[in-house]
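Next come two complexes, and both contain subunit A; in the first it sits with subunit B, in the second with subunit C.
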Partner chain A sequence: MFQSTELNRRNHSVQKLVSILFGVVTCLLIVPVLTIMTVLVYKGGPNISFEFLFSAPTNGMTAGGIFPALLGTILLVVVALIFSVPLGVATAVYLSEYASDTWLTRLINLAIINLAGVPSIVHALFGLGAFVIFAGFGTSILAASLTLGIMTLPVVIVATRESLQAVPPEFRMACWGMGATRWQTIRKVVLPNAMSGILTGVILEVSRTAGETAPIMFTGAAFFLPFLPQGILDQTMAMSLHLFVVSTQVPGVPETLPYSVALVLVSLVLIMNAASIILRAYVRGQKKW
Partner chain B sequence: MNSDKNILVSQDLDVKDSAWYWDKFFQILMFISGVSAIFLIVSIFFFITKEGFSFFFESFSFREFFLSSAWRPTSLSNPTHGILALAIGTASVTGFAMLLAVPFSLCAAIFISEFASGRVREILKVLIELLAAIPSVVWGFIGLSIMNPLIIDLFDVPVGLGILNSGIILGLMAAPIMTTIAEDALKAVPDHYREAAEALGATKWQVTFKVVLPAAKNGLVAAILLGVGRGFGETMAVLMTSGHSINLPTSPFDSVRALTATIAAELGETAVGSEHYKALFTLGILLFLVTFAINLIADIVVKGNKRH
Partner chain C sequence: MVGAAIELLVQDLTIRYDNDIALRVDKLEIRKNEIFGIIGPAGSGKTSFLNAINRMDEFNDSMNVQGSINFGGLEVSRVKNVYALRKKIGVVFPLPVGLPLSIYENVALSPRLSGVKDKTKLDEIVERCLIRAALWEEVKDRLHQLGSLLSGGQQQRLTIARALSQEPKLLLLDEFSIAVDPVTTMRIEDVLKELKKEMTVVLVTNLVQQVRRLSERTAFFLNGELVEVGETEDFFTGVVEDQRTRDYVEGRFG
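Then we have the complex of A and B:
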């Protein structure tokens, strides 16, 4: 029979200790953030009402609601998606379905990593130089959305590529065997099977786009506008910039107002993320292969 | 006779009907989209260089730019563009953040990948993913309105905005991303490494420290590098929590100003094409090149790992 020695017992207790220690450290990473979220809800929650969400700021932004900022963020996100989702999905289709392992593919991958890694303020400078000045869009929703779209392109590309690669190669071979062209296979077999994975990526991109501040500061978001934007060449207010403005730039803001703005923004972003995570889990459960 | 039939069949298959042309069309379209990522990154570099380029010929002096701590671009009589204080500001904040985030996120990654199991692991992964999603401007607000009074109370200092505040916020921001990447690196270590070590009688923590960590070393280094890149490029949170005054810091409570925050705070006030405007774009070129280098090194380190 196996008899545990002194060494075995010591190893066992060390293992327990290490495991508990690492668990505690992991919790230390999460607990402060949960505490902070509780403070946000506690201080910002009571102020949020139907009226707060659907009326404009008044009294030099020290009172009133956030409607123009909320609407602006939605507009920015929608225009950014119109541009970046087709491009991102097409890039992922190329990388997953067409590209072989060449220097060009490595270069494309490196470019995607860098699009994700370049600081947001550099994207802002690019947006200013390329869209506002060079393309002549001026500071507008269009310029800001294009900047945001390029910045969050890697999110769509990475999610789409992963879900395309999760489609078993046999599906494609069966389709080719029936005499279908490459595009027919992608259109009728690969994309439908990867659709929910692509959708998780798109939702994630919505959440990223809604939270960004620096890229829109100089390309299309305004501190305060007395009217709502009439078209995509107008400026707009946005939730993220509004939070920055009411918490740093405007004197005499009641203490709870920025908390409420922060709470709405965080809720927006986290609900989107949670939706994407739930969808991903659901898809995993539904997989037939 | 027989061979004639074969020719007929192969000709039948080789029709250039509309499906064939659509196939070619979409192949080209997808290729163009794929290459567009390269086009975009090149045009980012092109446009920030285009706006900032002439600064190098007009008012750039290597000595002043890198070795002077006087950033006074708006001075009427004698504008100076020394980035030393800004670079030290960025470095001190990022360094402090990494001091916190590296041990925490490596421990969390090891716990999630090696020790936790089942439901606990799934919950932790979801929580970490949600943490990574909190926007930077919200982090900045948290630093400004929650951390600031806390630091003033705890350490009895007049102002709570500085390296400490910024470092903690940036650390909390970078940790979830580093945890996720580090966990991926640990997961990439094949299970038979662990099984072999366990068969020799090693306990779980022995397996982790003697087998898994050495095997995942490159991936972990890449995770840290990407965390550094993230901290280095963070804008809004640093702008709101660092105090934003030009300083060569001597204590963690000192206020500093970061490179990224300088651009964000000053670009709105400059006239397009002015010297100040060009100087800010030159900072952008510097930021672009440094993050590009960090990402490139991280990529090479990971690729080196895969060759094993």
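Then we have the complex of A and C:
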């Protein structure tokens, strides 16, 4: 009664083959990550010290540390977040909780998708035109961060909107039914429960922002500065551009220096991600239905 | 009950979704302090009726309500402060909705939203509402646990406690026993019998026998039409006019 036919056997072996094949492909994904990290740690690791992190480059950037670039990247990310998170969350809340489905909201959704698809070099030129020249910020942290902020806005909007829509509609109905306004409902019930998803969007944004080169190249990041930025209208050095510069633009750089810079940049992103993931796990542990 | 005050008077009501008529009611009176039953199969317009009473059409673009619903002497479609209107109308949904807040905050939410800040006053409201919803004994030692982690039956009583915290004059129950075990159903029914001394209760249900246990008068909705209104007992003794009502009550369809 339960004897396998030829067809059964064939189905079974095909299924086995597929599962092994796809498994292997999945595992292969680890290879590039491991290779990159191994090479970076092996070549750049020994050079990293407290001094390397906290002193300025010397001898035409062929020696010394990376402090101005490290500080600059952190500043650029923080200022970009200050602009894009409130703006992105507000947009997502409006689209998800207030707007009804009209031609205008469809147009806005289309704009968001397109904004996500614009190449970063185009964002850079936009930033140059809009913030550096038109708004008169000059090449500055402010202009560069605004450019980065606009570039990463779609990530925040999409992630926030999706996590808002994951909150069951019954919660809203129950809240509205007791005479709460839309805003009271959003503040008391919807936003707290969407928080972990919103943080995911911010994590993604941090990783992208820290590593971007093109958008800041024309808008605020400097090749080399002999002093630290004094305010957000000053230019700054940045890790990503610094890596590009020491790798290709300056003669006589020791071979290990670019690897060290890259290792610090990757570690910076990983540390920021780790912090956000821990925060997200904490928020998620707080609330659950 | 003849000559009793009327709490809810519905006249020439038509509810549409886009162009489809979901419910048409020529005239329906619901009296003060009665439990009024509404029975009918799925899709007969029962839930739409409840949504029209507390103006939930605001949240559904395709829903359109025409005609007159008069609640306590006020035309609901003309009420400017819909939030105050909804606060006077408690709603219990088919599936229990414990908000992902603590048990305490679930009940304290509505008073808080309307500006009550005093801790002792909130404590008093929470305790009173949970007692009246027959839930206090089970949760009094863990008020700060998540309300959404209670069992289905407990969550449904939490929902009722939450509705009571609004101090409603009208309580709308939409098939509250669908996700609740029979024992809890009986406890909630006892609660409702007590509550009707203070408020008017509209009970929408699929369970014909539940109407018989609870309500004085009942309406039968079918395919978006109010077929019949009458004393509940008449539905079961065959003193109803419409053959369709008789068939439904006796279980020949639906």
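Heads up, the rule we're going with is that the second predicted complex is superposed on the first by the 269 of 289 C-alpha atoms of A that agree within 3 Å, B and C clash if a C-alpha of one lies under 4 Å from a C-alpha of the other, contacts with A are read in each partner's own complex, and residues count from 1 in each chain.
Convention: a contact is a pair of C-beta atoms (placed from the backbone, for glycine too) under 8 Å apart; a residue touches a chain by one contact, two chains touch by 3 or more.
Remember, predicted model here, so these are calculated numbers, not experimental data.
Student: With both complexes superposed on chain A, which partner does A:A275 reach: first (subunit B), second (subunit C), both or neither?
Tutor: neither
Student: May I ask you to decide whether A:L225 touches subunit B, subunit C, both, or neither, giving the answer as first, second, both or neither?
Tutor: So A:L225 meets neither subunit B nor subunit C here.
Student: What is the contact status of A:F171 with respect to subunit B (first) and subunit C (second): first, second, both, or neither?
Tutor: second
Student: Looking at the overlay, what does A:V250 touch: subunit B (first), subunit C (second), both, or neither?
Tutor: In the superposition, A:V250 touches no partner, neither subunit B nor subunit C.
Student: Can A:I74 be said to touch subunit B (first), subunit C (second), both, or neither?
Tutor: Neither partner.
Student: Check the residue A:I157 against both partner chains and state whether it touches subunit B (first), subunit C (second), both, or neither.
Tutor: The first partner, subunit B, only.
Student: Would you check which partner chain A:V189 touches, where first means subunit B only, second means subunit C only, and both and neither mean what they say?
Tutor: second
Student: If we overlay the two complexes on their shared chain A, which of subunit B and subunit C does A:T181 touch? Say first, second, both or neither.
Tutor: Once the two structures are laid over each other on A, A:T181 reaches both partners.
Student: Report the partner of subunit A that touches more of its residues: subunit B or subunit C.
Tutor: Residues of subunit A touched, subunit B against subunit C: more for B.
Student: Please work out whether A:V283 is in contact with subunit B alone, subunit C alone, both, or neither, and reply first, second, both or neither.
Tutor: Neither subunit B nor subunit C is touched by A:V283.
Student: Overlap of the subunit B and subunit C footprints on subunit A, residue-wise?
Tutor: The answer is residues 179, 181, 184 of subunit A.
Student: Which positions of subunit B touch subunit A when the two form their complex?
Tutor: Touch list, subunit B to subunit A: 13, 19-20, 22-23, 25-27, 29-31, 33-38, 40-41, 43-44, 47-48, 50-51, 103-105, 107-108, 110-112, 115-116, 124, 126-131, 133-138, 140-142, 144-146, 172, 175-176, 179, 203-206, 208, 226, 229-230, 232-236, 240, 260, 263-264, 267-268, 272, 280-281, 284, 287-288, 291-292, 294-296, 299.
Student: How about subunit A: which of its residues touch subunit B in the complex?
Tutor: 11-12, 14-15, 18-19, 21-23, 25-26, 28-30, 32-33, 36, 39-40, 87, 90-91, 93-95, 97-99, 104, 107-115, 117-126, 128-130, 133-134, 150, 153, 157, 179, 181-184, 186, 207-208, 210-214, 217-218, 240-241, 243-244, 247-248, 258-259, 262, 265-266, 269-270, 273-274, 277
Student: Can you check the complex and tell me which residues of subunit C touch subunit A?
Tutor: That would be residues 54, 56, 59, 61, 82-87, 89-91, 93, 95, 97-101, 109-110, 113-114, 146, 148-149, 159, 162-163, 166 of subunit C.
Student: Under the touch definition given earlier, write down the residues of subunit A that touch subunit C in their complex.
Tutor: Checking each residue of subunit A against subunit C gives 100-101, 170-181, 184, 188-189, 192-193, 287-289.
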